[in-house]
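Have a look at this one.
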Amino acid sequence: MTTNTAPGAGQPAKISVQEVTKTFALGRETFTALDRVSLDIADNEFVTVVGPSGCGKSTLMNVLAGLETPTEGRALVDGAPVSGPGPERGVIFQQYALFPWLTVRKNVEFGLKTARVPRAERRERAEHFIRMVGLEQFADALPKMLSGGMRQRCAIARAYAVNPSILLMDEPFGALDALTRVKLQEQLLDTWSKEQRTVMFITHDVDEAVFLANRVIVMAARPGRIYDVIDVDLPYPRSEEFRLSPQFAALRNRVWHSVYHQDGRTAPATSPAPSVTPA
Amino acid sequence: MTTNTAPGAGQPAKISVQEVTKTFALGRETFTALDRVSLDIADNEFVTVVGPSGCGKSTLMNVLAGLETPTEGRALVDGAPVSGPGPERGVIFQQYALFPWLTVRKNVEFGLKTARVPRAERRERAEHFIRMVGLEQFADALPKMLSGGMRQRCAIARAYAVNPSILLMDEPFGALDALTRVKLQEQLLDTWSKEQRTVMFITHDVDEAVFLANRVIVMAARPGRIYDVIDVDLPYPRSEEFRLSPQFAALRNRVWHSVYHQDGRTAPATSPAPSVTPA
Amino acid sequence: MAVVTDTAAPTDTGGRNGSPQSRRGRPRGLPLLLNAVSVLLGIAIWWILAASGLTIPSPVAVVQRAKDLLADGTLEQDILVSLGRVLAGFVLGTAVAIPVGFLMGWYGAVRSLVEPWVQFFRTIPPLAIIPLAIVLMGIDETPKIFVIFLAAFLSCVISTFQGVVNVDRTLINAARVLGTRDLGIFARVVVPASTPFILVGMRVGLGSSWATLVAAELIAAQQGLGYRMQNAQLYYDLPTIFVGLISIGILGLLMDRVLLLAERRLTRWQERR
Amino acid sequence: MAVVTDTAAPTDTGGRNGSPQSRRGRPRGLPLLLNAVSVLLGIAIWWILAASGLTIPSPVAVVQRAKDLLADGTLEQDILVSLGRVLAGFVLGTAVAIPVGFLMGWYGAVRSLVEPWVQFFRTIPPLAIIPLAIVLMGIDETPKIFVIFLAAFLSCVISTFQGVVNVDRTLINAARVLGTRDLGIFARVVVPASTPFILVGMRVGLGSSWATLVAAELIAAQQGLGYRMQNAQLYYDLPTIFVGLISIGILGLLMDRVLLLAERRLTRWQERR
Amino acid sequence: LLSACGKDDSSSSGGSGGGKTEDVKFGYIGDYNGTSLLAIADDQKLWAKHGLNATTRVFTNGPLQIQALGTGDLDFGYIGPGAMWLPASGQAKVVAINTLGNADRVIAQPGITSIEQLKGKSVAVPEGTSGDMILTLALKKAGLTKQDLKVVPMDASVIVSSFSSKKIDGAGFWYPAIATIKKQVPDLVELAKNDDFSSEVSFPTAFVAGNKVVAEQQSKTQKTIAVLRDAMQFRTENMDKSIELTAKMLKIPAEQVKADAANVKVLSVQELDTMTKDGTINKWLTGMGDYFVGAGKLKSQVDPSTYYTGDLFTAGAK
């Protein structure tokens, strides 16, 4: 299996997943959540991951976050093997994982407090991100008082606040309405293009995957593996018009096709082998 | 405020929400999650609800489910005021709410056991719905071993299994990939049209809302209220081609517009007053 | 999604199913009223038992004795002394139990080393500890407080440990990806998340502390409720024993209320019934 | 998302942060080894204390006495009798505590009625209950088992109650919308969801049961570990007292292990560290 | 252990033997004083001889037995001198005096040679026991009161550890516990012993019966007294055997019982009869009563004849 190299193949990869296999015990059997997955992500790249439910997207993210140890293979970040989580890799969990005993504000400030950011600055930064996700009215509410989408936005603000150089986002906009979603997509792209950020963004929305990405990784299930990699060689900033452009539609269809017609478990029509797609 | 009556206005409504207001204490202030919401849903109607995050969709559903008592107004089901939950109203929660100590199978069987369905039939019915949501390989797995989308599918199977005449679904397909989602949408429509069912389906996906609904209810936030009601007078069964039809596109745009341009807090262009939309 | 602090009027409870929902909406006085009813009922049963010829003193005799003991200042003095001992032992015990329970829950090695002894000492009656305590600590306040400390510690540590073990791993992961290290996770995630468990431990520990008081005051006490009761036992002075028991019961109850209040404040964030 | 039962090889633990993750991956023998080390250490300290002139018997003397007591069957007999009492009291206490705790957590009225008395009796030393128990129940097995029952019940009920109060409301709602009524919710949601709390209660209650044994066997016991210890106290026969203490400790430890095993089985579903 | 004595009888004379066999429930404490007579009665089959079927139950102290007498769970029991105020206050009847305790001492740490030197020192005492009594007497003799010392009330078990670890300067205490302390503090000083006060107070141990038993079950009472008298006779004649039997019944080493017995003054039946008749025993009990009144356990002096049924005891002499 060759590596799915990043576009700028010359420079060393920011994130490098090397032949990672992850199995879980499922009763008496073992279940292969990731099967020899290899993937390089370049610095400042924006990668989206799509794939059917249960194909190992979250597992892959957890390996990169340092929360799961691969059964085989290894993950490197900045050339060093991942041995645990770190604040340079911000994570937005699929299940939000807000601290239920803290208010929205305190949740957002959590990482800043760990980083010993002085009180006033902490407050200010938290305020900024709370406003960004539109929760200013609920800054002092506890998570149990928030709606599903509001919880998710709080989790987003919390991850953004520590200003990580790598963002690992697991369906971060999944619970949001179209309006909020578009707003947050634009903000994300904005920050990403202005500051040096590497983003891995899991989604099940093909439009979103194409709209945001430099590259779309399509995963397949049973065993979890990379099935296709689709480059989105289109310039940023991407506006609403971009969504309506024919290139967008074409790419969207290609990704859709790749996700949708995996059933036969053969490689996608346009690529020669299951998880090998030359960049 | 007039009532948003169901299409078949002659017959008595299956579900009737009458001037329901729900406020929460938020620190010292009170927060109005629902502001005099009125809505009738006819028997065998499929209603989808869209609206910005935090506009009170889940709260409205909880009122109908009998899990929240309205601060003012009342909710009727089959003409009788809702005084608590009942198995005739199946609920799929936004946060899944699986029993973590039960396997997928046992979760799905939970309601059947309450209904004293004999063991063999229970097993069989659970099996059927587990297969429907594609979890047959994970029937004996615990919720903690499931991916986000798999948990959601398990919750769906659990609600379907008790065969309720009313289905209250809170973003039930939110965590699913496109493929699974489309499959489940079709299954849902199929069951709904074959059996006598009334469905209230919350989603933030405008396409989904239009694709599934007899009527799309658009809600607005602060205070949570019904902003617009859009009839989808198109025949079932709705196929993939329907998604590509111009009527679909038109309705989709109209809903999108209604959700997207609420910002000014005025009524939608096509309707005279905030939450009054004659059917 | 649960809504706990809803402002729904307490009247619209609705049928049968309304009950669990409306608990919070119930007028505040009712539980207190029921408390009072319950206490009065208990006193009535006691009175009947006493009147029916059992060898227990009647409430009147006990109240009379309490008055006497209050009049000459004995009871106040005893209460003060015992309260001091219990508070000292309990506070120390809890303060040590929480970090130890955390270390046991967090580091497998600590757990393996400490657990056998915690379990062992939990099964040993405080009376049996006293000789050792005296040998090591003399006959002043130290061994008395130590015995109470031990009782509180042993009740609380097991609970804290369990609480730590039960903390949702997702939350720990969330803190870790925000850069938080072990110490921060302990203070900022594990402690708040296991507060319900720690509070169970504290409440049980509080009970044990009071229950151990009598044993503790076997050690050369000059005053205190436990001492007074032992002394009364020698003289078969049942009214005084009852005064002691009731004083201990009431003090324990009051301290428990304080803990409950603390709990309510500390776990308001919980989605619970 | 947490993954608890991962099959990752125990070797790839990784640096500092690996520790909490790899707990489950650790070879099974290590904790047992550490347990053993800990016990040996404890015995060593005891030996040193004994050798340094404290009034405690040396391990050798205690082992010798244990042998003697085993040889004539006394110890076996005592263990059997005491174990029977503790088991009866503990099982009864727990069996009553769980439904009572549930009722207290579920129905505010029950709580208001019962709680003052639970709190009150928790603070009362078992020694003080004995006279009443004798008056009401005579001097046979009943009062002995009752005293142990009370200890187990009071420890367990508070924990169960707390567990019930802490059950996630979302899960209760999920059961209710599936048509489940109160009784079903109790058995199928509240009990499993509060298992961790109930088990804390049972473990603490087990400790209390054993610790109360000595008090219980004050009531005209003819045999049993507690009786033997008291009898030995008359003669200041410290080795026998130690044999009793250690037997109680070991039995308590073993029963606790059984509970722990049960817990592991019952709470395998939990996402925890 | 348990009711070995009762068992063999119940099978032989449970009603088949024609003679009416009565059941008797007897409590005792597991030391030489409390156990020896029962061990003898058991061994010599004295219960059966007098048509009784006895169940014996061991207790750890006197007051519990008095309570059990009150509830009818026991017919007879055994108490030490410290609990004598309970029958005096009407809670039970003394049916027989057993022995005189001779084990109490006032002890002090090495270097202290007289009671006077205890002034201002911390002296432990198990309140309301014979240890308390001997200290009180010793102080009185030396012209001191408890106020002159720092008296620390302590449980007996606590005194052993406190004295051994030199946390206290003195104690009103007893053998065999003092023997345990001696192992740690071999040169401890004995400042006073029972014999010093034999003229004023004695420390009798006694068998007691429930008020109802004495009043309503005369034949049972008589038979029991007869058993006790026979056993006393045997004990006076076979001291060594009595120690052996006691050790067997209590399942403890004979040396321990022997050490225990060394501090007991065993009284023969004849002596008891004489002393009952000439009022010596009433004098002892009055002396005890004085002490209890002084200690606040009794409100006022009680005439011993109201609770010591000496006539019943001597009636057994036939």
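A, B, C, D and E are the chain letters, set down in written order, and residue numbers restart from 1 in every chain.
Here is the rule we use: a contact is a pair of C-beta atoms (placed from the backbone, for glycine too) under 8 Å apart; a residue touches a chain by one contact, two chains touch by 3 or more.
Here the structure is a predicted model, which is why all the values come from computation and not from measurement.
Enquirer: Show which chains lie in contact with subunit A and also with subunit D.
Expert: Neighbours common to subunit A and subunit D are B, C.
Enquirer: Considering only C-beta pairs in contact, identify the chain pair with the most of them.
Expert: C-D
Enquirer: Once you find the CA centre of subunit C and the CA centre of subunit E, what distance in Å lies between them?
Expert: Roughly 41 Å separates the two chain centres.
Enquirer: Would you mind pulling out the distance in Å between where the CA atoms of subunit A average out and where those of subunit C do?
Expert: Taking the average C-alpha coordinate of subunit A and of subunit C, the gap between them is 48 Å.
Enquirer: For subunit A versus subunit E, what separation do you get between their C-alpha means, in angstrom?
Expert: 85
Enquirer: Residues of subunit D that contact two or more other chains, please.
Expert: 1-5, 17, 54-55, 131, 135, 170, 173, 176, 270-271, in rising order.
Enquirer: Two or more other chains in contact with one residue: find those residues in subunit E.
Expert: 67, 71, 157, 160-161, 164-165
Enquirer: Going by the touch rule set out above, which residues of subunit B reach two or more other chains?
Expert: Within subunit B, residues 24, 58, 66-67, 84-85, 93-95, 145, 147-148 contact more than one other chain.
Enquirer: Please output the residues of subunit C touching subunit D within their complex, sorted ascending.
Expert: Touch residues, subunit C against subunit D: 1-2, 4, 17, 19-20, 23, 26, 30-35, 37-39, 42, 54-56, 105-109, 111-117, 119-128, 131-132, 135, 154-155, 158-159, 162, 164-170, 172-173, 176, 182, 196-197, 199-201, 203-204, 206-208, 210-215, 226, 229, 238, 241, 245, 248-253, 256, 270-273.
Enquirer: So in the complex, the part of subunit E that touches subunit C is made up of which residues?
Expert: For this pair, the touching residues of subunit E are 63, 67, 70-71, 86, 89, 91, 122, 124, 127-128, 152-155, 157-158, 160-162, 164-165, 167-168, 296-297.
Enquirer: Inside the complex, what are the residues of subunit E that reach subunit D?
Expert: Listed in rising order, the residues are 1-3, 27, 29-31, 57-60, 64, 67-68, 71, 73-74, 156-157, 160-161, 164-165, 176-177, 179-180, 183-184, 250-252, 256, 260.
Enquirer: Which of the residues in subunit D come into contact with subunit E in the complex?
Expert: My answer: residues 53-55, 72, 74, 130-131, 134-135, 138-139, 218-223, 227, 230-231, 233-238.
Enquirer: Would you pull the subunit B residues touching subunit D in the complex into a rising list?
Expert: Per the stated touch rule, the residues are 65-67, 84-87, 89-91, 93, 95, 97-102, 110-111, 113-115, 142-145, 147-148, 158, 162.
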